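Data block below; observations after.
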Amino acid sequence: MPKILVIHGPNLGLLGVREKAIYGETTLEEINGALTERAKKLKVELEIMQSNHEGEIVDAIGDTKGRFDVILINPAAYTHTSVAIRDAISGAGVPAIEVHLTNIYAREEFRHTSLVAPVAVGQISGFGKLSYILGLEAAVSLTKKK
Amino acid sequence: MPKILVIHGPNLGLLGVREKAIYGETTLEEINGALTERAKKLKVELEIMQSNHEGEIVDAIGDTKGRFDVILINPAAYTHTSVAIRDAISGAGVPAIEVHLTNIYAREEFRHTSLVAPVAVGQISGFGKLSYILGLEAAVSLTKKK
Amino acid sequence: MPKILVIHGPNLGLLGVREKAIYGETTLEEINGALTERAKKLKVELEIMQSNHEGEIVDAIGDTKGRFDVILINPAAYTHTSVAIRDAISGAGVPAIEVHLTNIYAREEFRHTSLVAPVAVGQISGFGKLSYILGLEAAVSLTKKK
Amino acid sequence: MPKILVIHGPNLGLLGVREKAIYGETTLEEINGALTERAKKLKVELEIMQSNHEGEIVDAIGDTKGRFDVILINPAAYTHTSVAIRDAISGAGVPAIEVHLTNIYAREEFRHTSLVAPVAVGQISGFGKLSYILGLEAAVSLTKKK
Amino acid sequence: MPKILVIHGPNLGLLGVREKAIYGETTLEEINGALTERAKKLKVELEIMQSNHEGEIVDAIGDTKGRFDVILINPAAYTHTSVAIRDAISGAGVPAIEVHLTNIYAREEFRHTSLVAPVAVGQISGFGKLSYILGLEAAVSLTKKK
Amino acid sequence: MPKILVIHGPNLGLLGVREKAIYGETTLEEINGALTERAKKLKVELEIMQSNHEGEIVDAIGDTKGRFDVILINPAAYTHTSVAIRDAISGAGVPAIEVHLTNIYAREEFRHTSLVAPVAVGQISGFGKLSYILGLEAAVSLTKKK
Amino acid sequence: MPKILVIHGPNLGLLGVREKAIYGETTLEEINGALTERAKKLKVELEIMQSNHEGEIVDAIGDTKGRFDVILINPAAYTHTSVAIRDAISGAGVPAIEVHLTNIYAREEFRHTSLVAPVAVGQISGFGKLSYILGLEAAVSLTKKK
Amino acid sequence: MPKILVIHGPNLGLLGVREKAIYGETTLEEINGALTERAKKLKVELEIMQSNHEGEIVDAIGDTKGRFDVILINPAAYTHTSVAIRDAISGAGVPAIEVHLTNIYAREEFRHTSLVAPVAVGQISGFGKLSYILGLEAAVSLTKKK
Amino acid sequence: MPKILVIHGPNLGLLGVREKAIYGETTLEEINGALTERAKKLKVELEIMQSNHEGEIVDAIGDTKGRFDVILINPAAYTHTSVAIRDAISGAGVPAIEVHLTNIYAREEFRHTSLVAPVAVGQISGFGKLSYILGLEAAVSLTKKK
Amino acid sequence: MPKILVIHGPNLGLLGVREKAIYGETTLEEINGALTERAKKLKVELEIMQSNHEGEIVDAIGDTKGRFDVILINPAAYTHTSVAIRDAISGAGVPAIEVHLTNIYAREEFRHTSLVAPVAVGQISGFGKLSYILGLEAAVSLTKKK
Amino acid sequence: MPKILVIHGPNLGLLGVREKAIYGETTLEEINGALTERAKKLKVELEIMQSNHEGEIVDAIGDTKGRFDVILINPAAYTHTSVAIRDAISGAGVPAIEVHLTNIYAREEFRHTSLVAPVAVGQISGFGKLSYILGLEAAVSLTKKK
Amino acid sequence: MPKILVIHGPNLGLLGVREKAIYGETTLEEINGALTERAKKLKVELEIMQSNHEGEIVDAIGDTKGRFDVILINPAAYTHTSVAIRDAISGAGVPAIEVHLTNIYAREEFRHTSLVAPVAVGQISGFGKLSYILGLEAAVSLTKKK
């Protein structure tokens, strides 16, 4: 059974609590619940983590080889500043899919550049919780290609 | 029954023929076939067009109001240069979803900027034919929110 | 009797329908009506066209020589991207006046640059329908200088 | 009877004397004469000033509230460098119309940016003396909207 | 008894009258009143001026040597454009403290750069009237270091 | 017998009529005549088209596969803005040679960048009508390499 | 009694030891002592932390809601690179005040931009230990506004 | 007898007093003395002014026509920010020579650009008091060419 | 006996496993073995650490004073993004030598800038494992200068 | 009989030896042979030189007046860095044609700008040896215009 | 008797012959004659050289120490491109004065930056032959300061 | 026995004489002596040259093929301006190692970019004489890999 690592980046632990005008009322628990439910239907195993620490995310990605088939990551604020996460992904040997709750291209200028995108398989942004669900389907599709 | 307009931008008529190293061997017909099949299951109606003319695409978008519920568009080369298509979308009163076959952020510098993205609901790029299928699901999800 | 070609650029056919918060409720018909009425008083003949096609606008400008005395143009989205329209105007041998409904310098950054302005006689922006009327008066004034 | 303040910026006192190749042979007196005559027909009252001092122009604008209905300003060289005049206008509570004798977009690069334009109602440039007359008509039109 | 020169830059005479949404309802008189009161408690002497003229501000700063111990300045619009005020401060031989009512880093791009800041002792921005009071305390603290 | 498609871009239909100071007095007909004559000597077949429409040029290039051996193109104004023509050429599977009547590097700044050049075999600019003749020779030389 | 969280960013633990020419001889302990003393007088409660870890600072800010009334932060090096801290602050629902020991606008170019400033209430820089004291006063003033 | 107007820009009244490390110990009086003495030998008449006000300098230049043969100007801080002084010079019909006490190209980046230089006859910088003397010789040489 | 701290930055724990085409087949253990061996010969003591966490690296550098004579650091991805590590080094009072396995100037644009280099003694890049050995020799040479 | 100077810039002496993947297997001797042969047919006289020294090339161009009718130059690396060669050509009074073996616009960014192009009659790039032959024909065509 | 080295940069050997519209009709011999004559009056010894070779100019400057008191240099085209000449001057231990015949700030953009200026004592530009004479006077003045 | 060419770029002949504050007191002879001594121990043959002429350095590199195994080069000022040396190295077929006496990344902005680095094997900067010795060791290591 394919195994997928879901990584939630910094500040996402406060979803549904902070800045609802931008991020909506869905909590991280609800997203994780929806992902878990869909994963069952698609017959894949999920492991989910959230961290505010760039280093912990790099650790986790560096540890995926042989243990996971795809990485599903919302790097949040680190999207725009972390060469370390980029290098971790390009070195991991495990394909990664980048997702964003909001349409990052419709927000501030500095959010328009993703350091992660060039080394990801693809990117999905702007659909709220659905971004994760679509990303999960894309991830499962990747495991079938192998 | 919700109705969705699928727009394929310039040069996409040659998919599967041109630059296979980048775009793969899938033809536009195969993509359209897969979209149609999935649309049936999701119980939505599709109308599909392809054009190399910026003006025709602008006409078509300008004509969606009251006739379509969502636009699913791959603006191709016009992604990076067309203020006219951007204005057409922002003026259409119909939500649009932007899709790309390739990961535009892993290609040439000038493909990293999308003039369309800031006025789209969201963007999906890099999954080949699957980009369209995921986009269709996002589109259907939008029609349900109404 | 002097003859003036009025060109409405892309998406202007939807005036009064699209984005009323920005462009107001005046329709293109109302603008054309006001222009025609004023033209009668000023004793000039008008020909009015609207097109979403960059190429059609280039054709029309290329065809003005010997047939029109002034061009009154709102290039809309093409203002910012069309070298072709710029070249058409500078090659036409017929003076052109550029008008905009909105104050383009108070909007998004990319609307601050006009490729057309350097080859126009002058520019009027920000007065809604009145921009066209003032532009028509300036056009008539030009025909008298000849 | 509506009252309009006309402000001529730096170096405009030498119109018709300096650089005739660029600015033409019309003097500032002739412009003021034409404005006054047209104002009579349009039944508005004018007050006209010219100053080479940024501070005097800021003073004058700061003093318009309750005394004038519209400001008609040619900021000349200060167009491109004065945040103070911009702030004065946006703080005045009196609408301002920006005019230029020449087509500033067809001249040196540094004249293409107007700090004033984003806070003005609209801009008219390139028609010589007529720029002022058209600006006056636009100003009168604004007073009628109130 | 230490002596401090307070300089209010262009357009600040209209505080509490203009653009209340940005600058609040406090008038310049209230700020000056609060400063004077606090100065008494801190046992320093104040001299307060406001000018819309860059040259007058340069004159005043050039005249501080031997007469004042610290300059407390809100250069307002000249913050972003005046090399002359910068040179006056760096040549004055009297330390200067820069204050702003609003958080200039949360406003338009062109307000993010201060030509004055590199030659000031420090900068306080964003606290409304309190910016001045805190600046006064910092000024008094400087006089004690001597 | 090798077959070559000659494409004249926007506004070139007015050669010899418009802006003679820049483009000279040669008409497009004269260029086509000279090309046809030389083609006979070199024993190649020519097809010649001119269009102001970006879309038509994209169509034409998309249609060359299997029908033409080389494309000889003067993209004119589209040289600097058309990603669509660039993609059409790189996807055509038919080598293209870019020609310009004038030395585009000695003209306005914005004409110094060609989006087409990186995907063309080579570029010839600045020799007037002769640019086309030299381009034709280069084209014939390419057909011999196959 | 209002409660304020004081956050010292990376490398500040070595104050008074490292680079005294730039940062002076005051140690972090002395600053904390002065803050504590002043807090007693102002009748507010302080909690003070120092961390070299971006993630720990994000954790701490994310945890302020309902526990603190104001954040007083010197983000030090992270001022210029951390979108994560910016997002944490704008999401915290607790106002933040940014302080710096040195005048960051008089130092290297890359220190002139603060990613934190646009989401802070205000900024105080350049007064050494006093920057913190003034920041504390501003913080207390904010708690009174509520 | 030829007549030359010498203009000293902002802050130069404090020469020999302020920032001696940069500007040396020579006072403005000494410079004026040296200029006057040399003028006598060269048999030209001098008029000398100093102002911190941009507007006064513009006034003075605007008033030179028919009264002076050459302008010798050290625009100081206004060198880098004043389009108004530039326009005044290019409109004056009187040749201007630009001088600087210091080598402006060896100082801060923002002092490397002179808005005045493109409309001056020439520029002399870096020789302290001697810059003025050499400028005076160049001015006299210009009067002889007429 | 001099003591040297060797710091391996993020993702280097996977050397010899990840991206061999870029980084070669040497593992981190082999590098550490070679360094240890050479250190013995050169009679210096080594302490070696690897971390993916920016904060841990800042902690370690902040702790070197009085305990180490030189720092030998490969900041990897943090080379290009960490002002915190830069500040830690410039504040440490212990000289640092920067090494890179690959020639960072022959890779992606964003890897051409090192925030660390300006505060390091020197930099060695492009020699694989040998970069570290040469860096160790330079470090030992520095300890002898003291 | 017209006389043409052919200049081969730096490193071209190693053609056919160095970097065959980029420059092909043709040697400089073969190019010179082909040029000489074609020159005979076209009845022009050639002089050919190669130099790695910018100064020698400037010397040679400075010496062409009255001795040569056209310069045919491949400035190679100096294309992108030599203002001296540019000035030599624009001062020579002899028309110059610029040729390149490779398509410089399809290579590294810094090769896209030619300092020579704006002062050359025209430019031919991307056709290998044929670039020189086409350039020679263009040169001969120029001699006939005289 | 003080000794001054005069260096004329590339292409200056053709003065009075080439591009008279820009550089005038004065030949290099006339300039050298005028310099020699003035040197006699000022009682200094001159040595004059002209070279098109960057390396020769570097050689000459490197050789000035102990042999010359001042360098008077017109670096011509190398002004804008030569770090080597800049380094030679800053390393020479002999003060250098930079002169230009034309006003380089009124010419093409790329001539506005001088790499030499920041290491020269001062710069004189725009006075034709007189630039050299004034430069010589400045040079003699420098020898007197020693 | 492997053979290595050592190239010292412009102005290095004056080492130990010029600008000792930046470059130290070591002379070029001492560096050459140390290199020769070390070369003997490492059993490699050295050839050493110094030149101020870009062309001579290009000549020398072009001549290395078959005669040398490695190039050890300090391009000095040409590091930042010479595309010709870059092309010579990439075309030489002989690996090159770039060394610098100073840490070029801690100096002026324009010294931070090396045109040579992307085509060198690696770079060593900032260790004074030791930079050359380490470079020699790296060179010898390269000869062993063959």
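Per-chain residue numbering starts at 1, and chain names A, B, C, D, E, F, G, H, I, J, K and L are given in the order in which the chains are listed.
Methods note: contacts are C-beta pairs under 8 Å (C-beta built on N, C-alpha and C of every residue); 3 or more make two chains touch, one makes a residue touch a chain.
Owing to the predicted nature of the structure, the values given are computational and were not obtained by experimental measurement.
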Chain J reached from chain A - shortest hop count over touching chains: 3
Same-residue or different-residue interface between chain B and chain C, half as cut-off: different
Distance from the mean Cα position of chain F to that of chain D, given in whole angstrom: 48
Chain D-chain H separation of Cα centroids, rounded to whole Å: 31
Centre-to-centre distance between chain G and chain E (centres being mean Cα positions), rounded to whole Å: 23
Centre distance in Å when chain E and chain F are each reduced to the mean of their C-alpha atoms: 63
Residues of chain I whose C-beta touches two or more other chains: 53-56, 81
All touching chain pairs, where touch follows the definition stated at the start: A-B, A-G, A-I, B-C, B-F, C-D, C-F, D-E, D-H, E-G, E-H, F-J, G-I, H-K, I-L, J-K, J-L, K-L
Footprint of chain A on chain B - complex, ascending: 103, 105-106, 112-114, 117-127, 130-131, 134, 137-138, 141
Contact set on chain I toward chain A in their complex: 9-11, 13-14, 17-19, 51-56, 76-78, 80-81, 110-111
Complex contacts: residues of chain G adjacent to chain A: 53-56, 58-59, 62, 65, 81-84, 86-88, 90-93, 115
